[in-house]
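Below you'll find the structure I mean.
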Amino acid sequence: MPTGNIERRKLLKLIGSGATSVALAGCQGTQQTETTDGSSGSDSTATEQTSDDGSGGSGGSGGNDFHFIAGQVFGTLDPAEQVDYTQGLAAQNLYDELITVDAETLQPTAHIAESWDTEDEGQTWVFTLRDDVTFSDGTPLTADDVAYSLTRMLELQRGYSSFWLDYLDPSNITVRDERTVAFEFNQAYGPALATFVQFYIVNSAVVQENEQDGDYGNAYLQNNSAGSGAYVLDNWEQGNSIEASAYEDYWKGWSEDSFDTFRSTVITEESTIKTTMQQGEGDMTDQYMGTQAYAEMDSYSNVRVPEVPQLQLFHFPLNCQKAPTDDINVRKAIAYAFDYDSAVNDIIGGGGVAAGPVPREMAGHNGDLVPMEQDLDKAKEFLDKADYSVEEINEIGLEHVVVAGTELQRQMGLLNQAGLNELGIDLEINPLQWARLTDRATSAESTAHMTNIFHTAKMPSPDSHTYLMYHPSSFGSYISQSWYSTDEIAATLEEARKSTDLQSRLEKYEEAQALIVEGMPSVYIANPPYRIGINENVEGWQYRGVMSFDWDVHSMTRSGEGRAK
Amino acid sequence: MSYVDYLVRRAIHSVPVIFGLSVLIFLISRVIPGDPVRLALGPEATDQQVAALRAEMGLDQPLPMQYVDWLVGVVQGDWGMSLRTNNNVFSDIVARLPATLELTVVTLFCAVLLAIPFGVVAGTNKDRWQDHLSRITALFGVSMPRFWVAIVLQIVFVVSLGLLPLSGRLSDGVAPPPAVTRLYLVDSLIAGQFGTFVDAATHLLLPTVALGLATLAQVMRLIRSDMIDEQRKDYVLAARAYGLPNTLIEYKYMLQNAFTSSLTVVGLAFGFLLGNAFLVEIVFAWPGMARYGVQAILYQDFNAIVGVTIVVGIGFVTANFVVDLLYGYLDPRVRLEEG
Amino acid sequence: MADPILEVKNLHVHFETHDGTAEVINGIDFTIERGETAALVGETGCGKSVTVKSIMGLLPSATIPEGEIRYKGEDVLSLSDAERHSRRGKEMSMIMQDPMTSLNPVLTVGEQMMDVLKWQGRPRLSLSKLVRDALSTGSKAEYRRRAIEMLGEVEISAPERVFESYPVELSGGMRQRVLIAIALLSEPDLLIADEPGTALDVTTEAKVLDLLDELVEERDTSVLYITHDLGVAREVSDRINVMYAGEIVEQAPTADLFANPQHPYTRGLLESIPTLSTGIGDGIEGHLPDYTDPPAGCRFADRCPHAEPACYDAYPYPRQTGPDHATACHLFSGTPARERHESLAAERVDIGTAPWLAGGDVAGGGDAPGDVSADGGTDQ
Amino acid sequence: MNDSAYTTDSTAAAQRDRDLDDPMVTVENLKKHFPLFEGILQKKAGEVRAVDGVSFSIAEGETFGLVGESGSGKTTTGRSMLRLTEPTSGRVEIDGQNVVDLSDGELKRFRRNMQIVHQDPSSSLNPRHRVKSIIEAPLKIHDYGDSEARLERVEELLDMVDLPREFMYRYPGQLSGGQKQRVGIARAVALNPKFVVLDEPTSALDVSVQARIINILEEIQEEFGITYLFITHDLSLLKNVADRIGVMYLGRLVEVGDVDSVFGSPQHPYSRALLSAISTISEEDELAKPDRITLDGEVPDPREKPSGCAFRSRCAHEFDACAVEEPDLYERGPDQVSRCFLHDDRFEEGAEWE
Amino acid sequence: MSTKTTIPFFDTESAARKERIRQLKRGFRTFAGNKLSLVGLAMILTLVAAALLAPYIAPFPEHAGAGVYFDQASEPPSATHLMGTDTTGRDIFSRVLFGARLSLLMSGVVLSIAISIGVTLGLIAGYLGGTTNTVIMRVTDIFLAIPPTLLAMAVVAATGASLFNVMVAIAFSWWSWYARLVQGEVLSIKEDEFIESSRALGSGWMRTTFREILPNVVSPITVKATLDMGFVILVGAGLSFLGLGAQPPTPTWGAMIAQGRNYVTSFWWIAVFPGLAISFAVLGFNFIGDGLRDVLDVEVD
């Protein structure tokens, strides 16, 4: 895969931080939690925590203990419901996904499914499973478990089930033999393989045994794990902590320095997280605190803060169906008035200016696209060409929605306000709670003129940064707040989905990007870097493209005696 | 007999208050414009998913029906699911209530305990320096935003001096004492874990100060003015005329009356204290119900909002009931007069 | 007679107010002999209560620039706080006016009586005594016995029940008896009764007064009786001091006062009282002077129908107008009742004779206005 | 004191020759019961019969005195008559109009004919209003002329109660008790009412002030022929102001009669006891009242009235019949009735009674 | 009529005026006798002046509006920036001055609403009594049972964060205190005989309530309102602190503290100065209220 657009500086840093390589594709979990909770590090109010409660019990006792500090609660432990990063963290360590992401190529790769094939021109996908995988109760993982787990997701209709709901009927899941399972989609479905990284397999026998009122064991899985993952749940204290210990017969095996137990406690206060890390009480933080916090942690002798590019876009979608942003010249004026440099350097403090909707490091990014720069003269030119005068614009009132409570979001608003101020445009900043924001995104009339959005891919495919943003069938979600598409864009994106060949699919996506950018439906601002705090004595951490995959504790080891203090 | 009557009547009076409170809060929470269902399902959710969950949560019902369903659930201990924690609100609150109780009760207790001698001294030295000092201190005490005091305390005692822990209920690595009351101060003593007790107490210190300063001031001023009122009472003059020692008159004769009339306001002060706990818990990352409430509100997690508000309402009503109870105990007029 | 139990000499009491110094008591003198009941009579705001509180030492906010209060010959104003405290209640006690408010509502009658027995006269709480009392059931029982006995003495029919009761459970009459019982607990030699019974219904008041009379008679207690009601004073006292605006305007043995009222204020007052046998008078026009700016001369001059310009300037020192009868009015001539006024007497302010004496044949007595005391007078 | 226009003249005095055949005020069987609530659910558990069947009449220009101890229901009687508290039943005819039947609107208009002077002058005047607006209030309510006419009337009234006109701009807090009560009187008579209830108008005042107030009231009565109901606990005072009096005990009139008859020869044991308790300032008065009669205990709780004769629990003459039924009023003189079985020759105990 | 004491020309106007001036003077003397209330008055006058003159005295008035100045971000207090700058480089002193406007405006509006509702309901409940009283007071109890901060938070969450909504929300949770205060006062005033006198004169309930009762509850309302001016600022600041107040770039004190709170370890001034401003304002109102309490001799809670 091409790695050309990774700057050398970053690559070095990346390597230095312990990642072996970075390539394209990959994705991170849901956007929603990230913007509300993820960035909540800078505002404690947005999430839950109990700093201390969970640390008792098995946590500190002997053994090699991995302590993760999460900024938000674990809402559910059912892998069929997981959407956000803490839920992903739990699933990743307690269960196994059908397909995983290759740490080196960041492409979908074999995991529980050791091989696969397509039939009917990409409409049916057939997976062959490994034969050495056992659940934590010792029973082997079979095709029945896979079929049950997927049926379960489709029936529960929670979590990432939306990846398949429109394309796959539960009756079209077939178990061909103990190790083979086939999914027959309604149409050729190119991204299917990528989507299965979000498909975790449960022990069908145990779950079925514990079904209540047709809940597919949902209640049972809140307090128990029934997976084949590296760790088995010991204790979950709602809102406070989870504790798990190693499954000895895990199919990937164990090394000397692997962690015997892993626990995750919830702390939302940035200051507390920093203190905890500084005192050598924690092994790893999440990536959603304020820029300042990582800078500070980096200065601690016992903590390192790797900074790597990630597959994320920060932008302001411009509502193209609402005056005055329905005028392309107004949109261009807004885009040229924005101070990208300050946004990246002063506010985000790293990463690069975005070039189009698809993150630059993602496979399928159109390398021909050029990042925007502030140019007030051009902005004025476009404004002069626009159908609306400045007075008219001010009369209508431009609204910029930011997510309430976080410093970064607020500063982005202020920066935008300052830029537009130069054009004589008054901008109203409207901080909204996330729920309100998503609610407003359901119709073009209620969607704001612009909205701060962090958009992380959900799977290792550019599909989510194109199809989900600019295909009319995707409209109504917070991701598609531009309400912008053309027949040409739509057709190109549909072709991409149907194509089973990776390379031609990526080409289609690149084509679509060029078409999209012409319409200036967004102010594409940045591809922010990925930063987390790690105790110096933890090794083996890698950035793995999909949210929470990089917190696979099994892949990490302890060097030295205990945590670095 | 009539004391019991009185108490039962007071208790019965609070029922419509709680009921009305639930209606009020229920209505407020349901007009919250965000879409809780989308929030729970994540961004990729399809319309079917949304509709299904909506039906499951009963949100497609008319409001009165939703209320009835909710009320029935409440009575059965099912307070609905929190959209944020995905857990039963009741168990969420039960898990967090002890922390809030520990904070508020300890604060109230300390505030009242300190307010009594200060109030008596100020009241019996009206217009002397003791009184002026107490007045100025009190006015400062009630004028500073409690959340800001909390931050300033953190800057001074944690950041600059490094004397006290920044936040939370216990230091990392200190295991909570075996749960009996879930109040760490009490539990650690029961278990004989003195170290844990000290740790819990040091964590409690700053939040208590931040939260209690204004309450202390409020109650102190109240006791002062009630003491001044008492001084004008005939029975005080009588007691002096009988040659009783001043200390006895002040602390036995006057204080009991003064405190009785201050009591009703202590009940109200508890309400304010609870209200401010919402801000102080946030600052100190106190893992209590108030913090849960703020987050519920910011997250528009309406079952949790309703739950927390009801519990706070019940707490307030209970506090006032306890006040009534004490009032009746301390003032025989309430107990003995019929009607 | 033996030396008096209480002698008040030239007592002045001042208060500081926003509007200046209020000269509330302006040089009063009176004496109570042992076993005597003296009354201090005056209307609202005349300074009765202040006088009483000065005697008891219960006026912390006032200043006493001049004067002596001699209790059994000893000037209590010169005593230390502790010494005064030790006499309070034990030597001289007080019955408060309003039975509804003078008992602590939150303590039982018994508790309040026991406190008096336990702590009376002690300047401060002592821990050792607290402990000793808590440990010793004997002394507690003794206190209780004594308290209940006292309740019996004030003719309370169920003393044990009343002992356990809170004031709110008792009727007004009952409470007034309790107040009397408390005041008499330590058998004081001087009892100050501040309008006891005024707050009660007439039939109850009459009973309480009779009871009190009996009790002090038995004990030979001296009583200073404060009242606004001349009728009551007539019934209970041996000697009456009439007070107006912080001064004693007339003092005389009870019978003499009613037979031969002299001061225009006394006469106006008597005239105002509705009677059964005669009519009701016209009352006294006007109101009390401002204590912060009192007239230099007679404080009653403003309201006095006989006032002459001189009355406003010259201080009407009390003068002897009959045997054991002193009146502070320029209408009367006589030797100063107090030595300190001799220089004033030398100035001889003369405004003439009281009109009711002018045509009369009995010097210093006789024809009272409106027939009020005419008959009473002849009876003497 | 001041020679005013209200001094007694013969025509006014003649008017006081009462004409009870055509009374100004008639009260028939007036009752006022207050419900008593008890228990957790506040059920009605009985009632306090504060006024329990009171009947009397007052001739025009006459003063009827109502005397009794606290809790006797005298004040409630006065208030019920003016419908300041709604009477439970009975008839109150004032100037030929049954007040109990009046609708709210009619009652409001009729109020100009009946007024009240309250006991406590400090509380009966609104501390936030100036004297002028206090006295002007009834004039405004009943549309008395324009502001000039009203001002003139206020000045007139101030003169009438002997207050300087500049007091108009003072607040009640700046007046002495007697002055306040004069304002209260001025307000009550502002509209020339036919009937005024004087509810202990002087009991909060010093005697020297009381006399002035009584004089003013009498002057006004003589000038305008107002009918007074004078409520008080002070018998000596009543002796001086009333033409006829009624003695109340626990909601019932126990004795009614001409003032001289009742004072000269009280018939009911309670009246006697009351009279005997008066403190006097002269030997003559001492002789004029009965010898001290001590009553047992105190007035019972009105909620727990004794059966039969309510007074029997304190009466020295109580006998069996007293507990069984309540005595009626017995004619004891040309204008004197008394409610006591001692007057009944059915019982031999009556013989003891002179 | 009598001819005595007739004053030929009686200047009612000037007599009334003289009397009023006398009262005012006495009131002021008592008020000024309490030094703290004078200090309070001075503080509030300063505050009002700051609010009114903010655009003229603020060194960087533009910093209260849209604009970012990253080149001077997070500077400590200095001669140029008396209170330092925040993380976007805006002058905190200027923003604090502008914040005074909002605080005063908010408090004023909230109390106007709360007092109108509360006083009206309290008067009606207290005077009419019976079922009306029960219903109104039960509703009041419900509102009293939730701390204003919590109720206002819930309302703002429901209506969306804006200055207007915050004001409505606080008023919504505040009126009950006035209803309770007034009802209590009315109940006790109703016992006074002048109310019965008024009824005896034939006045209707409107007249009795508004002419007779209302003037007597003005004092406690005034004292409470003065103290509440400060307390509403506190509650408003609390809401802003949680991000539920006026929106950026509006300089509200609470929001400024919230912003600074994340940087207490490195840039203490960002949180400290707005907090001092709040304390200053609230303290000023408390001083005055305390003084007024003495002058008017009333107790409010």
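Labels for the chains are A, B, C, D and E, by order of writing; each one numbers its residues from 1.
Here is the rule we use: a contact is a pair of C-beta atoms (placed from the backbone, for glycine too) under 8 Å apart; a residue touches a chain by one contact, two chains touch by 3 or more.
Fair warning: this is a prediction, and the values are worked out from it, not measured in the lab.
Here the chain-to-chain distance from chain B to chain E, counted in touching steps, is 1. Shared contacts of chain A and chain C, meaning chains that touch the two of them, come down to B, E. Separation between the centroids of chain C and chain D, computed from CA atoms only, is 33 Å.
Averaging Cα coordinates per chain places chain A and chain E 48 Å apart. For the pair chain B and chain C, the distance between mean C-alpha positions equals 53 Å.
Separating the centre of chain B from that of chain D, both taken as means of CA atoms, is a distance of 54 Å.
Residue positions 157, 160, 242-243, 264-265 of chain E are each in touch with at least two other chains. Against chain C, in their complex, chain B makes its touches with residues 233-235, 237-248, 252-253, 256-257, 260, 330-333, 336-337. Across the complex, chain B meets chain A through its residues 33-36, 38-39, 41-46, 48-49, 52-53, 84-87, 91-92, 95-96, 166-176, 282, 285, 287, 292, 294-295, 298-300.
Residues 29-30, 33 of chain E are the ones touching chain C in the complex. Listing the residues of chain E that touch chain A in their complex gives 65-68, 70, 73, 87-88, 157, 160-161, 242-243, 247-249, 258-259, 262-266.
On the chain B side of its complex with chain E, the touching residues are 16-18, 20-21, 24-25, 28-29, 31-33, 135-136, 139-140, 142-145, 147-148, 151-152, 154-155, 159, 225, 265, 268, 271-272, 274-276, 278-279, 282-283, 293-294, 297-298, 300, 305, 308-309, 312-313, 316-317.
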